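Both complexes shown next keep chain A, but they swap its partner, so chain B is in the first and chain C is in the second.
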Partner chain A sequence: MKSWLAIVLLIGGVRCDGFSDQVFKTLYIGEGNACYRTFNKTHEFGCQATKENENGLIVRIDKQEDFENLESCWRALYPAFNGKFWALLPVNLIGRNTISLLKSSECLAGVILYNSPQPQHPEEEITSASHDADCPNAASDYYFQNKKEEYCERKINSGGSITRDGLMRTDWRIQMVFIDKSDDLSVIERCHSLFNIPKENGTTGYPYCGMSFRLANMAAGNSEICNRRGKSEAKLFQANFDSGEVPQICGAMHSDNIFAFPTPIPSSRSNETMNSSKYMMITSRMDSFGMIPEISVGEVSVLTSIISVIAAARSMGTQLEKWQKASNESNKNVFFAFFNGESLDYIGSGAAAYQMGKDIFPQRKIRPDIVRIHPIHANEIDYVLEVQQIGVSKGRKYYVHVDGERYDKNKTSTNKLMDRIERGLRSHGFDLEKLTDSGTRVPPASWHSFAKADPTVQSLLIAPFKEEYEYRRINSILDKNQWTNDEKEKAIQEIEAVATSILAASADYVGLETDDVVAKVDKALIATLFDCLIVSNFWFDCDFMKKLDGDRYHKLFNSYGFNEKSTYISMETHTAFPTVLHWLTIFALGSDKETLNVKSETSCSHLGEFQAMYTYTWQPSPYTGNFSCLKSSIGKKVMVSPAVDPYTPEEEMNTRYSTWMESVYVIESVNLYLMEDTSFEYTMLIIAVLSALLSMFAVGRCSESTFIVDEGEPAAEGGEPL
Partner chain B sequence: MGYLLTITCYIASFSPSIALFYSFIAHDPVRIILFFLGAFFWLVSLLISSLAWFGLSSFLPNTFLISLTFCIIVQEFARVAYFALLKKAQKGLNKITRQGQISVAPGVSDLHNARHMLALVCGLGMGVISALFYTMNAFAVFSGPGTIGLPLALETGEIDPNRAGKYLPLCYTLSAILLSLFHVTWTIMVWDTCHKIDRIPSAFVPAAAALISHLLVAFLSSLNSRGFYIVVFPVQFLILLICIAYCNVIMGGTISSFINGIGQSITDGITFKGIRTLIEERKMRTQRQSVPDEPMTERGGTATEGEETNTVDA
Partner chain C sequence: MDISKLTDVKKVDLCKKYFLIGACFLPLVWVVNTFWFFSDAFCKPINCHRRQIRKYVIGSIIGSVFWVILLSSWEIFFQYYRAQGLVWTDYLTFVFPSGRV
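Right, the complex of A and B next:
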């Protein structure tokens, strides 16, 4: 009994990692490079590590035909192996015809995704590469919520979607990890080629190259469960007695929305509401997603549209006095809104619409010593002018989408604005088709959030598609293109044309002479931004952005979104893009005319104290790199969907707003190792039994007298043997 | 690879040590203390060796052979130091262990003529800890999904069969068995020298034999990394056998008695003598129990009143 106890203690107590450097080749995987769990109110999606899908033999799927091996579980190649497999797979092979195989395979531990070495071009016809759904989301679309149509009655992405409900909304049994570093990828490929490629006679044998990876999520179920369990009172017994902190198991997706007001909003020192202004909101979404959310750059889903809006804002910023004068006279204003989380049921615009309903937009808290900005309400917004998917039009044609019913009620002014948009586009050689039938529905856009809040808000959505998306990689890992000079030039022309049309419509709205502004979009700026935001590998790689940065950006977080190009919203705001866009907006609309005498950051920040409307930012010029104090009325506001915001308990899990949440997860490194034949374990078991029997036999033949020998020494006999 | 392999490796590696511990140490608290003290002395020797290796490696390019030799010498010195410590402590120990009214710890084995038993106990402590240090990292690896060899293979482009492979657990196991038993024999040898060094001129021979065999075994082990497993292990086992035979001589036996003993053991093992003896003893016990007691009639029991008897009055 004692000896058994000793063995158990020995095995249980001795766990060392002393040899790990001789066993494992470790590849570090940062936050955001792997598939993890996300939730909406009713479901969980994404991936979770289990005991069954951690370890596996590495196999390659390089072409469509290789999926036949997946069906047969590679038994012909590895007959002696009966475990699971990690499939090394380029992202462009995830398609409609392969996804079901990946989902249903019983022998797959996971997939190791990497960017295909073959470049993708924006106009390349790739069948179904979008990770978005076929139809507008029933949980958030204005028409579904008002019972005006059935789910999927109207398809918008049927040509592009890989699965009907979208890959983002898939609950996977397997794990997924994305390898973005070429060095890491070559290590995996080398490991595979050394040990797992069949020999000339077609056979393979031990040892094999295996891989282990583990991403463990803290939460499960759905947002409702997660939200409930995440409350402090539910985690009383999990609290750390020293720090008082409770572990977080999931979190609401939240990030920054950016609002820029070129023309001042009416303000007063009293709390009385003045309903005297009208607004046109020029918007563009800031986010996209993919199956592994962070690794979607969203070039066409997000960036081209944003460049067009920034270009329009910059033109406006150079002639602010004209715009302000026109706004004051007409009592109509335009403002820019970049919403985050729009691809996940309109988190940003939903939160903004909620705040408008509560009189806290754009100013949340009122201090008595600060002038109160007149709150903007949804019914004061005449138009939501949004641009989407710029740069990939078929031919030279654009469409403007309006809501048919609302259009019918106010045709005159809307027609006038659409004419201006058309004129702006035509000035650059593009056509515009106006989709104004009474049954016309607005595709997924930020307008839906405001449409739900007020019945008069109208939509003007400028996009290169009619009923369904033409671009088949919206919200996808593959929305990352190799642009030829011709493609780039055409995209820049489209961005310029759309920026011009935005300016034209805005000018007409506020009553400014259109001719004064139409021709003033800075094409060179558009080309620069295209290079910096789309062609460059990271936001701050190009000279323009480096100067704009001025060493202010620090890679504080070890996450994909903070260190690589990503437009995913995420839950911890560990993404760089809101900061990038905020600085670009300040560059576009900020002015140092009134602050030329300010020579330090401290003085600049002092100017912003007690200001309601204006902010003062110490920021360098992207052209010269010289810092100056820029006055602007731009706000970067953290927005959380009211349905999951602990500060709005009355709206908890209200499906009028987004209910998306993310699980907190622990991500481990990828470990490559050699797998040996396990059959030798049984040989060792026999050896162990023989060793034990032989030891008992041999030692059993000895006794105390074997070792206690009377050598005739008196001292030894007396008890002092040495 | 998995936990089964790790468990079997531990069982196979430490079965001889566990058998010795169970038979000669586990029942005696003093011996348990001395066993762990032996392990401590070995650890101290390892610490000193490590410091020396650390120092040497800062100015010498290849310190393997020097460090190995130094490490072996330090281990042997540790054995001598342990002997010296015990020699100083034996009077006190004797008071504790002496049976009778003086003993403050009744139940412990007394120390009379226990020189070699103490060497066995202390040597086993050293052997077990050294075998544990040698194997535990490797055995921990065997419990995981992978085995040793990939990082090197990725660098060189091919797997080194002498440092990896499915027989690696067996090599570690055999080495652990050898290491733990060698330390027992080396301790017996070195302590014999320490005991007799003042009285007999040739007393240095056992210690020299221990040192030489220790160096030889270590050198042979270093050949394992070049793929000479099949030669190295039989040679090491032969050296172990020679060391055990020599210890037998030190303990008063002869080579022929040792050979006879081994031969007898093999014969007994093949003929299952132990099992036969057990069965015979059991049979005899059963027969002894089945012999009837004397009949009641011979005990002259009286019949009860009114009962007829077969006895006839004379």
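Right, the complex of A and C next:
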């Protein structure tokens, strides 16, 4: 019994669990709320915990002038402290003039980021916050790869970028953690104000409020190294005692891409040769990023453009028969493609272009019991019509970007389409400038992936910028606009105008008359989607989205990322947005005309068996909340960049496809504690040693009789009655 | 084993055995042989048995130094290239460092 007690006490004493809550105030940090490591083919980026940057004294940087203290390492305020600092910093103070100070500081352990209580409007000069680079990325841009221009010959984001090569491509020495909960933030602020603010006489002294935080990445180097090390053949001797499997140390960024075909593409029961069709691909990217990826919403980077495409799709979906008839007659089709991972060197469109080259797009697996869809090849795509950064135009002007060289080869039909786009925009009071000089280059867009695959694919990029981005927060944590009522109304008008122009161009392409009925866009739907996707704090906060959800969402997903409003792609498809967009696309293009007699989810799912082109989804109407079986030809496909896809047999790491990967990491909680002077620690250690020695001497001198207090006990032991 | 109690003949035999075992890619045996028989080889009056011991000890010293140079060179060479994350160095690595190349 005594030995058991000793073991329990020993274990309890060694673990010190009983004391940690008395020593530390622990704040839980969710995954994705701290900066971690990412890789491309040649470099590692992001943050990593080391012995030097885990602990520090908490200081505040509330305004621009406070960065002077960072330069002097707060020595004037804390002369007796020689350690490192954790700086409490609002997100909007990370800018061009401060980034070099944060990067080069020798005394900074890390930064504790939080959303400023006084957000700054994007129009303000100081808020240039884009994490993208000044120039199109050399690793993925069509023009660099074809040696048509030198790197950074053409700048597209010099007004908005924080650093020339992009903040996402920064390898930090410090750590970063984002505090989302106001309660946690107030605990840190209180701790700082109680112990770290100088007294009235300007002096400070121990104890200080300190903080520790640790995010340890498993992988290092670059995506090639971490990809290789994750394979069983990487080592001569495998020693994985725990599971016998090679532990994952990093993963390729990948997620769902959504493809919607309003007009069915040719299919057959056999492998017979089919007449090829021509296609216009209407596309919009569905991902954005920021330094703390999971809090990067991408309002203008992603959402406004998505709304315009969804609105156009919905308008098309209400008159599918007209579109299908016109497509059948002209043998020209339009389809919608929402690509994921476009902000990270076109993961989605690169994978789609690769699959087109391998005859496996859109149908990857050919089964004998289902029909074979005619594979779409890159040379069958006439146009990639993409919309970007809708809702933030200066004045009422839009631009259409084409590739000058390709345009020169096929002016007539492209001019016709551009005229339709112009008419669509003009019908809502917006102008269009056509950038069609022979030297015109297409800004970063999904078109580049297909341009590399085929020399005839043409671009029609509708955007509110000419040569350089006007919006200064593309791909950043701060891509959360402070919409005034006027700006919101103008943004909705822009979305409506762009949706109309998409419809007009599509109708002209398939040979449909662009009458009022075809080009009618539901403005009320746009306003609703704007409120639901942009103004609301989460995807399913508004009534429209709640009804569309129909209690499906939380039954399906329970992971951390599914509760964050983010459009970051990540490596585990841990974000909700692809599902949100998939359901919205089904709502826009799905039809229950042929399935009115289907009254249950099971019967609806049975209809989809052995189908290649069509899917049947049991989904509620966002207007009524009533479920029905919607027939559509919409696919949600997980796509991995061919460069890092383990199932890509003959492809190796190359620069043609995206090589972005993400490290597996272990994140610990933030611990606040009181820092004492080192001399105090030595004093306490000496006292502890002395106490231990005294205890040993005291116990060593004891005998059994020492502890017998009751005088009657020895007599009782002697056999005398008590 | 207390070799001081052994006869010179047995010491020669033992020293020779250790030298030959060390020659089978076991440099640590040469190191042991060197330390074990150094005093007999160099610090005591010479005789025919000790001359033989000296021969094996010198052989063991040369072999040990050779192995030290060889292993040190390999270690420096391997660690230099291992830190670059090359394919062949990864292949020969037993445990990959966490969070570092």
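What we mean here is this: the second predicted complex is superposed on the first by the 632 of 722 C-alpha atoms of A that agree within 3 Å, B and C clash if a C-alpha of one lies under 4 Å from a C-alpha of the other, contacts with A are read in each partner's own complex, and residues count from 1 in each chain.
By our rule, a contact is a pair of C-beta atoms (placed from the backbone, for glycine too) under 8 Å apart; a residue touches a chain by one contact, two chains touch by 3 or more.
Please read these numbers as outputs of a predicted model, since none were measured by experiment.
Once chain A of one complex is fitted onto chain A of the other, the partner contacts of A:48 are limited to chain C, with no touch recorded for chain B. With both structures placed on the common chain, the touch criterion links A:395 to neither chain B nor chain C. When the two complexes are overlaid on their common chain A, residue A:235 makes contact with chain C while staying clear of chain B.
By the touch criterion defined above, A:676 reaches chain B but does not reach chain C. Legend: residue contacts after superposition of the two complexes on their common chain; A:219 is shown touching chain C, with no touch to chain B. Set against each other, chain B and chain C touch different numbers of residues in chain A, with B touching more. When the two complexes are overlaid on their common chain A, residue A:249 makes contact with chain C while staying clear of chain B.
Shared interface residues of chain A, touching chain B in one complex and chain C in the other, do not exist.
Partner chain A is touched in their complex by these residues of chain C: 85, 87, 90-101. Remark: chain B residues 1-2, 4-16, 18-24, 26, 83, 86-87, 90-91, 94, 97-98, 109-118, 120, 132, 136-141, 144-154, 157-159, 164-167, 169-170, 173, 177, 191, 194-195, 251-252, 261, 265, 268-269, 274 touch chain A in the complex.
Contacts from chain A toward chain C in the complex involve residues 48, 216-222, 225, 228-229, 234-237, 239, 249. On the chain A side of its complex with chain B, the touching residues are 2-3, 6-7, 10-11, 14-25, 55, 187, 190-191, 194-195, 206-207, 209-210, 212, 671-678, 680-681, 683-685, 687-689, 691-692, 694-702, 704, 706-711, 713, 716-722.
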